[in-house]
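Next, two complexes with subunit A in common: one pairs it with subunit B, the other with subunit C.
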Partner chain A sequence: MKILTTAKKVVDVELTIHVENGAIVEDGLQYVINAWDENAVEAAVQLKENNGAETTLVSIGGSDNTDMIRKCYAMGIENGIHIDDPALDKADSFVFANVLQKVYEKGEYDLVITGKQAQDTDSGQTGIILAEGLGIPCVSNVIDIEVVDDQHVKVSRLGDAGTEIVEVELPAVVTVSDSINEPRLPAMRGIMMAKKKKIEVMDLAALGTSLDEVGGAALKSEVAEFMASESRQAGQKFEGDAAEITARVVDLLANEAKVL
Partner chain B sequence: MAKVLVIADIKQGVLKGSTAELLSKAKAIGAQTAVVAIGSNIELLASDLANAGSDTQYIADDANLELFSAGPFASCVVDAANQFEANLIWFGFSESGKAVAPRVAAQLEAACATEITDVTLDGDQIEVTRPAIANKVMQRVKVNTERLVAVVRAGAFEADEGISGTENVVKLSAPAPDLKTVIKELVSDASGEIDLADADVVISVGRGAKDQAGIDLVKELANDLSAGFGSSRAMVDGGFMAHNKQVGQTGKIVAPTLYMAIGISGAIQHLAGMNGSKTILAVNKDPEAPIFNVADYGIVGDLFEVVPILREEINKIRS
Partner chain C sequence: MNPLFMSLLLIVGLAIFGRTMVQKIQLLMALEPTDRVNHIMDRIKNVVIIALAQKRLVGRKKEWAAGIMHAFIFWGFCILLIRSLNLYGEGFVKGFQLPLFGDGSILGYLYIALKDVMEGIVLLMAVYAIFRRAVLKPTRLHNTWEAYFVLGMIGVLMISDLLLDGARYNLIMLHNNPDHLHFFNNPQYGSEFLWTPVSVGAASLISGFSADANRLILTTMFWLHIITQLTFLNFLPLGKHFHVITALPNVFLKNLGYPHEKTKLLDLEDESVWEDESLGINHIHQLNWKQGLDLYTCTECGRCKEVCPTYTTDKPLNLHDFNDTLKAELFDNADNLIKRAKLAATIKEDGDPEQNEEIKAQMAELNSKKPLIGDVISEDTLWACTTCRACEQVCPVTIEHVPRIMAMRQGQSLMAGVYPQELNVALKGLERNGNPWGIGYDKRAEWADGLDVKTMADDADVDYLLWVGCAGSFDDRSKKVSKSLVKILQKANISFAILGKEEKCTGDFARRVGNEMMYQMMAQENIETLNNYKVKKIIAACPHCLNALKHEYPQMGGNYEVIHHTDFIDQLIKSGKITLTKSLEGALTYHDPCYLGRYNSIYDQPRSILEAISKDGLKELDRHGQESFCCGAGGGRMWMEETIGKRINVERSEEIAGQEVATVAVACPFCLTMIEDGMKELDKDEDIKTQDIAELVANNMA
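And now, the complex of A and B:
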């Protein structure tokens, strides 16, 4: 089985983020692998270990993605593709999905595993749109993948009414939730080996396409402006005798907030 | 004139509140409204759908639509969107909405935006507002297409009690089943419990409760208040709470009148699911816990000591 997994480098959500004049202040920000993509990588590596699969990772983005791809190598990914083209700076999910489709078509994969959502966009669209473009099945929000045979996987999806257990015909796309696994910390040996491995770097032309063809010249939507989110103010915090402060807070809930 | 198609949110045969919220917003921006309802044995919902504020009801009622499957559901939405010539297609916040919206957008070649909190129309120009980066920033997004498919963030719009619609049912033909993704089994979530999304009060328990005994203690408080009973991811990962009880970025987004976080540190991913609540109460033994930065009322203390007193005091006030 040939598996393609996707990873995006995103701003570290644990850091404080400032907005100025409609834009995010880049100063002091750090970039890390998207958490859900780490789950996707772990899922791919587990399938490789348990069922024998060839694993390829693709990342689209700025030129400093090398360290992230090497981290994925250290986790057990075998091949890495970096689509590096400044023309994609403003790309939306549709454009990324179209670029991923080009990558997919070059490699004839059986299974694509993406994160369910990128932490910078919080969109949750790319994998699903990729599957639509390819005309292949997609199951999103997946928490378990089991290989049935060469043509089928059985996946569990967290849905509104419970856990849906779905048999999917390959090739297919699955998007994974963080509940699927606990990504491994790469071992020292893996980290050393990862340093020597080659990364295939391509721009859109080398991929055999153009900004026009992937929809990047006519974006369906674009972020006009970033704004600070309305942050809540810390309210009243009480310390001391439990009975006393709890009674006080209950009184405030009833008579000040009027929510009891 | 703008035309809004709302995808009805139906759970166990009951129409959920988000449908009226979305239709109210549609009417507030002066749009014509329609709703599409997809499922099995749902024809009786037509009058509820009209009362929720829709003037046309597209209904796809078929035994094959009993269980959720993204492909056929998307086909029904696309069919209704084309018949109605909708330019705004809105899903309420749900896992099925998140799975279907991008498909519909791809098929209609429309833009897609998830978790929107507002929409504005200026002539034909559509703009939406939405949070990003785990709610740390907001984005104003300009839509460059004529049509927008969107998932509306839970609690973003309010239902207007005064609105109503007219019953005008259009039956949709049943879509072909998706033979490539076959649902083998649905492991249902515990039923009979209060749906977190509907609850006026939500009480969530975190790792601070340690184990089942701690969870049971907090659950008694939830029972007293007929509150929805939720959890942080830590207690779901620990196997103590069901997945559908998780509040946060990968779980449920709730915006109740009162949210209580008991033994929860307040990680950014948890806050993203509850910081739209009207009033927040936190109980945590660590005075530096980040949850206190968003809580209106904070009790610094051991939950095993505080929760029984909370119950007692609340029961006193309510009797």
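And now, the complex of A and C:
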């Protein structure tokens, strides 16, 4: 079984994002692998270990994605494809999905595993659009993947009403939830050995396509403006006699917060 | 007596002994190198204090009786060495006397008196030792036939020599048979028997026998003594009594300057080490020769396990067995290790690469068949250690356990990639945001908001850098300590700044769990920042940071004068920069943090501060100072689960609660968390407050 998995580089959400004039202040930000993609990579590596699958990772972005790809090697991924084309800087999910489709078509994969969404945009569309474009099944929010045979996998997905177990015919796309696994830390020895491993770097032309073809020339969506989310105000703490506190809280709720 | 028989005994005895020793030394030489022969004077000092004066035995109040027993046996043996030489001489020449120690010299008389009394004492001590093992049965000892056999031999050596002298006394004094051997009778000092009360006592036991019988006793005791002595000598290297021979060299070769061998700065860029999997320790040949000598020297006294926080809380780390297992592994592989080392010596830097590869392949064939971790020592054993050094501090022969454990963890972390997976969260936090909590690095200085604290970026022209540490920056409880410290420094008008979001974890915990790569990453970034600001003096608010900054960063080019906040506060008090009110109510005790006490010898300063604050004075815990009991968080254990046995922090908190104090002072953020949690678990957190010394000082300043 050949698996294609994806990794997007996103801003570290542990950091406070500052916005100025409708744009994110880049200074002081740092970028990490999208947490859900890390789950996808882990899922792929587990399938490799348990079912002898062959794993390939694709990542779209600038040259600083190399480190991330190497870490995925150190986690156990075997092949890495890096789509590095400055023309894709402003791309949205639709464009990404089209690029991924090109990659998919070059490699004839049986299963695509992606994170169910990315921590930066939270749109959760890429995997689904990719499946649509390829005309293959897609299961989202997956928390377990089990190989049935060469042509089928059984996946569990977290639905609104509970867990659904779905048997899908391959090839297929699954987008995974963070509860599917606990991603391993890349092995140290793996990181060092991965330094020498080759990454296949391509721009759109090398991939055999163009910005036009993947829809990047006329974007369907564009970010108009960023706004900082309002930070929560610090709470108040009351100490002392229970009756007094109750009276004070009631008073505050009624007169200051005006919720009573 | 009988030169022929004497020669025969000596040749056989010494030849076998020589052969054993050559094998043992060859084996040590086959191990990895380490440099231990600098600073000779300091080394001699250690030998005098620790070995000759038996400091760790006699000086340990808890077990003074056993300490004195051992010390006297040891001193007795040292003294009897001269006597033995004399006896060997007598074997060849009748009436042989050592130069300087002969008839006519006061030295000879003094020596003979000392030897006589010592033999009596050693005999008593051997009897006590047997009684102690058989009847008192201290739990740390594990009784073996070897121990009794050796004690028996010591008894035989003493009795035979005393009876030998006793028979001689009877022959000379009672049977008027003065031609007998080794007799001092100097007009000035009189007969030697005036000087040897114990032998004279022994003589009275056999005075009823005839001259012939006494003569027979004399000859028999002489040869019994010589034969026992040579048997004893050859028996020593076979078991734990090898320490009789190796203890002195082991103490001489002990690490200097820092309490144990510092973790090696591994060259992680060298590709070959990753290919050969040669980092850390996972096979017995990777021990260095001093670690081998440590194994030879372990006396199996069990003191280490008795003070070990993991063993006492029922975890599988039992240092006594740990050493024993490694020693067995070392001996089992002895031949292969020696062959392997010979092969290694044939590799030439500029030699034919192919040939070198071939040699390396042959060497790999000779590696021990079992990897150490997993097969010889269990993973739970390896990861249990908190690196508290209680074991090393108490070991009478200065065995260094912790560096070995850390190197084994390196092998697991770097090479095998097998380690407690709970660590991943903290390690990932370290990698991304420079702190084990993984909180955004940009929030590192938020605790200081509104306190008017400068960062180095604002103004680097300050006297001190205050190193806050991750806990002091991100942990809500420890942030209060940081604030208190700032209050003190501001009150004392100290010019200081913090690094703010430029500060990163020192990497201490990463190094203790064997993740040298992460450690070096952190250290390198910090050193760049510090050197960039030309920082010279650092006040560290955490003993782990203190230890890393002070002792480990120099390995990577970071040289600073680092002082712990308790030490600094003590100086502020002594120089009158701050004044305290003696207003703390209720009994107070102090929990020594391992990395402050045992690693950095700071015991007095915290106590002197506390004495200055407390109305009721300081009440010491049972286990305090050098024998303080770990809180359970060191060595990266803070970030691992503790699922086996009793929780270490609960054990310690119970001890504190038993003292019925109102406050327990600590001086480390991890101790603070652990002890406070322990108190909560015991439901004592309302009665006993856990506070950092900085908080106590800030609240009790005039």
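Everything below uses one rule, namely that the second predicted complex is superposed on the first by the 237 of 260 C-alpha atoms of A that agree within 3 Å, B and C clash if a C-alpha of one lies under 4 Å from a C-alpha of the other, contacts with A are read in each partner's own complex, and residues count from 1 in each chain.
Convention: a residue touches a chain if its C-beta (ideal position, glycine included) is under 8 Å from a C-beta of that chain, and two chains touch if they have at least 3 such contacts.
Keep in mind that this is a model prediction, so the values were computed, not measured.
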Mind working out whether A:Ala187 is in touch with subunit B, subunit C, both or neither, as first, second, both or neither?
second
Tell me the contact category for A:Val259 with respect to subunit B and subunit C: first, second, both or neither.
first
Between subunit B and subunit C, whom does A:Met1 touch in the aligned arrangement: first, second, both, or neither?
neither
Could you look at A:Leu211 and tell me whether it touches subunit B, subunit C, both or neither (first, second, both, neither)?
neither
Applying the touch criterion given at the start, work out whether A:Ser179 contacts subunit B, subunit C, both or neither, answering first, second, both or neither.
first
Report the partner of subunit A that touches more of its residues: subunit B or subunit C.
B
Once chain A of both complexes is superposed, is A:Glu14 in touch with subunit B (first), subunit C (second), both, or neither?
both
Contacts for A:Asn141 in the overlay, against subunit B (first) and subunit C (second): which applies, first, second, both or neither?
first
Just to be sure I follow: which residues of subunit A are touched by subunit B in one complex and then by subunit C in the other one?
14
In their shared complex, subunit A is touched by residues of subunit C numbered 268, 271, 274-275, 277, 413-417, 421, 424, 427-428, 432-433, 438-443, 501, 515, 517
Which of the residues in subunit B end up touching subunit A in this complex?
11-12, 67-68, 70-71, 94-96, 98-99, 101-103, 105-107, 109-115, 127, 129-145, 148, 178-189, 201, 233, 236-237, 243-244, 249-250, 257-258, 268, 275, 278-281, 287, 292-302, 305-306, 309-310, 313-314, 317-318
Subunit C partner contacts - residues on subunit A that touch it in the complex
12, 14-16, 28, 30, 32, 182, 184-185, 187-193, 196
For a test of understanding, state which residues of subunit A touch subunit B in their complex under the given definition.
11, 13-14, 17, 19, 24, 93-94, 116, 119-125, 128-129, 132-133, 136-141, 143, 154, 158-169, 172, 177-179, 218-232, 234-239, 242-243, 245-247, 249-254, 257, 259-260
